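Chains: A, B and C, in written order; residue numbering restarts at 1 for each.
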Amino acid sequence: MIRRRFPWLSYLLVVTGAVLTVVPFADMLMTSFKGPDEAGTLPYRFLPRAFDLSNYRAAIHQLDLPVLFRNSVVATATITGSVLLTSSLAGYALAKLRFPGRDFVFRLVLSTMMFPPFLFFIPHFLILVHWPLAGGNDLLGRGGAGLTVSIVALAMPFLVSSFGIFLTRQFMVSIPDEVLEAARMDGAGEFTVWWRIVVPQTKPVLVTLGLLTFVDAWNEYIWALLVSTANPDVMTLPVGIQFLQDYVDPTRTLPIVMAGLVLSVLPVLVLFLLLQKYYIRGVMLSGLK
Amino acid sequence: MVNATLAPESTERAARDRSAGLGVRVRARRRRRQAVVAYLFLAPTLLFYAVFLALPLGFAVLLSTSRWAGFDLGDIDPVGLDNFAGLFADGSTFLAPILTNTLLFALGTVALALAGSVLVATCIDRLRFQGLWRTLYFLPIVTTVVAVGNVWKYMYQPGGLVNGVLNAVGLGSVAFLQDPDTALPSVVVVQAWASVGSAILVLTAGLKSVPESYYEAAALDGAGPVTVFWRITLPLLRPSLLFVCVTQFLTGLQSFALIIVMTKGGPGDATDVAALEMYRQAFSYGDWGTASAAAFVLFAVVLAVTLVQLWLFRRKGEDA
Amino acid sequence: MTPSLSRRHFALALPSALLAAGCAAPHQGTGRPGDPVVLTLLSHYASGELKKALQGPVDEWNALHDRVKVRTKAVEFTDLLTTFMVRQAAGQGTDILHPYCLWNGQLVRAGVLRPAPPEHAEEIGRAYGAAAVGSSSVGGRVYGYPTEMQTYALYYNKRLLRAAGLDGPPRTWPELEEAAYRTARQDRYGNTLVQGFGLSTFDDSTTVGQTLALLNAAGGRFVSADGRSTAIDSPAGRAVFDLERRLVDRGASAPGVNVYQAFASGQVAMVISAGWWTTNLKALMGTAYREVGVAPVPLPEADGRRATLSTGFMLGVNTASEHPCEAWEFLRWLNADKVRGTTRMSALQASVGSLTGRADDMRRLLGTGGDPNLHPFLDALAYAVPEPNVPGAQQAKSLLRKNIEALWTGQQTVDEALRSTRRQVDQEVSRSW
């Protein structure tokens, strides 16, 4: 065994790898304090001359950070809430209710995971644009801007997660039927059974699913870029920072961009560090990451 | 997946046994009511599938076989397979370099991430501070691609960290993202860097399931560490490896967010990939037909690559 | 032309004829009496001087007019085409657009741009130079008021040329090469300290612009007159590719470096670029700007005919606009009405170091003092060749860019680059629509 005979070699490898992983983050942090003439010039220096917060002020000022933050939070919360709700409902139906077509629906859920998201990218956009009776559209979805005028456009294509349904269903299968039966005998409706018994019992998996969904939604870039191009009012944090490079003088932007990036990754990093147990379990379960 | 599809039947059977004692009418009424409730619970999901899955799929098929340069739905002109023919016509850049870039990008990412994660995962097992290492390796995964891309883009600059290190050890500077020969590998490194954490996690879990007795038996036989690694560790890791391979390939073949952020496909078309080309054809050039056709071609490639991997791993399994 | 295009033209012909006659009819705006009509205008004048320069006349209009207000929106140039297309697709296109003329073919084909009403088209044909009118027209029809015109010329650093023992800028290609080799310097790691001749890989426009300026100077063309094929695989095209390749091979050019930063910090001796850059350089370089000189693009031989590339923007009106009459009225006020002898647009462009296609305005504005470096760009208005604007022109430009970058980095030989540019561009522009 390598690790038995050469423990120092194992340590060396793991530590080197960890350093390589962390260095870009450190560089981002250091650059965010640098002055305009310190970044991107030769020779390279890791540490800034002074830990000056002016880039952070510039980033907040240039970015209109409160609006970007609000958009990101609203979109992320909508997606996460919806995924949790729909996954838990559908997962319960598939795991614990008997009805004709159950196997078909379950296979359908599994097979939807086969389609890569880019295939739906263009039609999703056009469907939102031509959403009937929204944003000035008529009944046939013509004449207006559709749902692209609204912040819900950011969340729409992500409201249901097939993986989420699959994950919750697998957990709910292991809930003993006797418990549910007993509740039904007491006259509880299926909705009560779901809310009072199933949801509390599957809390750990819901936390995991919620965290995975939150991180994905917060970091989502391509769809948000497209929707923000159509309607800058709903721009999210990652998109705003990418655009920031254009608005400020390119020769001066780098440290400001880095400051904006630090601010944007902070919420997710904190959440991850607090709840990493759940997150890591989610990745092990999913492998979709 | 296999277990999952079997599970519903067993629970169903259990439920049937239990309810056998109830009266026929009561049972039928309850079953009807349960079916209604079940479909109520499934309604949001099924509605979503109809609007955001079935409808778009049909729309994508329509667009890929149409010429539509405008914005009025009434102007969609069916043209059969012209868009697909155009993608593969002489002088088209779709096949080479765009599709080859896509494959190289995915292949490079998988190879690097796999090598790195196998190495780290075998070393990290039973090391001290495992939680700390795992957390550190995981940071890139929870970081937005905009941050990852921009930080690396800056590090690759002539005045950035990587060239700073190269110069410090007396090596010449490399124009990583500006030189077409190094641009694609440079982006691959970043994608691998960003995805190695989850691979390590999956492989670590796989390693933990290898029984210690196997190693003890090997040690008794006097097998060296290399032999143990090749003969015991790797074969037993096969399911985890397959999993890492398939998922990383899937991600690699369709990801272009990192490329938009770092190179926008350049220099030239050195880092242009199929999904980016689709995005541009649709949203910059308004050529929805070509874009949708490109999406289907990429979908075919994704399917083919996945099936080939499943087949390869199964073959190896039969040999062993 | 294909059925869909002509059908759209037919569909547009009727309303635009009605509009031409009925523009006097007052529009109701939002429907509520008293609410002004708000016209939106999307341009790439997103930051700094340009943003302020455009906002000036817009504020003036808004102060003078109660019934029609104009609101500006801006994105960076690299996002402009995508923004036009995505907003149009989303039914959120602005009333007035400020497209790069290269895209006019595509925007007309997609039904974004509205043809200019006859009286505006006449005014445009009368007042602007041929290159400006040409780039604002598609299929012989005028679609907007030409605004910013850019011509290409040679920027040089006087100090670097002097240090290399050269008295003035090169006039011919052999002199250009000579000057490039004598000014280039590298450090021991191979980092380029000074480039003799900068080849920009910054974006499509700067990368392709310098190559097309040299191509035009050599008497060549990028796209044939009918717009259906490329003309780059010619002796002139070969000469340009040969020249650029030699400059890279012999270390006088380092295409990876950001020329726009490097020239400003005195690390590039010569570069071909457009007139807008003078303003940026002044801001970046401060007093060091006095070392910057501008000369016409060198010709292959001393006795050749002068030519260079011109590119431009125009202001047009969206087919989806509900207030086209008001929009055209605003455009006339901005681009044709004269204040103190020149149009507001000409004054705006001159204030940021750019030109319009109105040569008389420009002579008037630049004649009185101003930056002498702008005069070569003004002179070039008379002989510049407009960039082609056929549908697919943007893709053709991107393809050319990819091929010349592959040429510069040694991935393609000159022969391969010429051949693959021709094959790829032909496949793109020859597609029937």
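Everything that follows uses one rule, which is that a residue touches a chain if its C-beta (ideal position, glycine included) is under 8 Å from a C-beta of that chain, and two chains touch if they have at least 3 such contacts.
Nothing here was measured: the structure is a model prediction, and the numbers come from that model.
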Of all other chains, the one whose Cα centre sits farthest from chain B: C
Between A-C and B-C, the pair joined by more C-beta contacts: B-C
Distance from chain B to chain A - Cα centre to Cα centre, in angstrom: 16
Chain A and chain C: spacing of chain centres that average the CA atoms, whole Å: 40
Multi-chain contact sites of chain C, meaning residues that touch two or more partners: 82, 86, 89, 91, 191
Numbers and ranges of chain B residues touching at least 2 other chains: 158, 167, 283
Junction residues of chain A, two or more chains touched: 42, 126, 226, 229
Contact footprint of chain B on chain A as seen in their complex: 1-5, 7, 9-11, 13-14, 17-18, 20-25, 27-28, 31, 39-46, 85-86, 89-90, 92-100, 102-103, 105-110, 112, 114-124, 126-127, 130, 142, 156-157, 159-160, 165-166, 169-170, 173, 177, 181, 189-191, 194, 215, 218-219, 221-222, 225-226, 229, 237-239, 241-242, 245, 254, 257-258, 261, 264-265, 268-269, 272-273, 276, 279-280, 283-284, 287-289
Complex contact set, residues of chain B against chain A: 1, 4-5, 7-9, 11-12, 14-15, 18, 31, 34-35, 37-39, 41-42, 44-46, 48-49, 51-53, 55-57, 59-60, 63, 73, 116, 119-120, 122-127, 133-148, 150-152, 154-155, 157-161, 163-165, 167, 193, 196-198, 201-202, 205, 215, 219, 225, 228-229, 243-244, 247, 250, 253-254, 256-257, 260-261, 275, 278-279, 282-283, 288, 291-292, 295-296, 298-299, 302-303
Chain A - residues contacting chain C, complex: 42, 125-126, 129, 135-137, 143-146, 148-149, 226, 229-232, 243, 246-249, 251
Complex contacts: residues of chain C adjacent to chain A: 46-48, 73, 75-76, 78-79, 82-83, 86-87, 89-92, 191, 261, 284
List of chain C residues in touch with chain B within their complex: 3-4, 8, 81-82, 85-86, 88-89, 91, 106, 109-111, 189-191, 201, 254-257, 394-395, 399, 401-403, 405-406, 409, 411, 420, 423-428, 431, 433
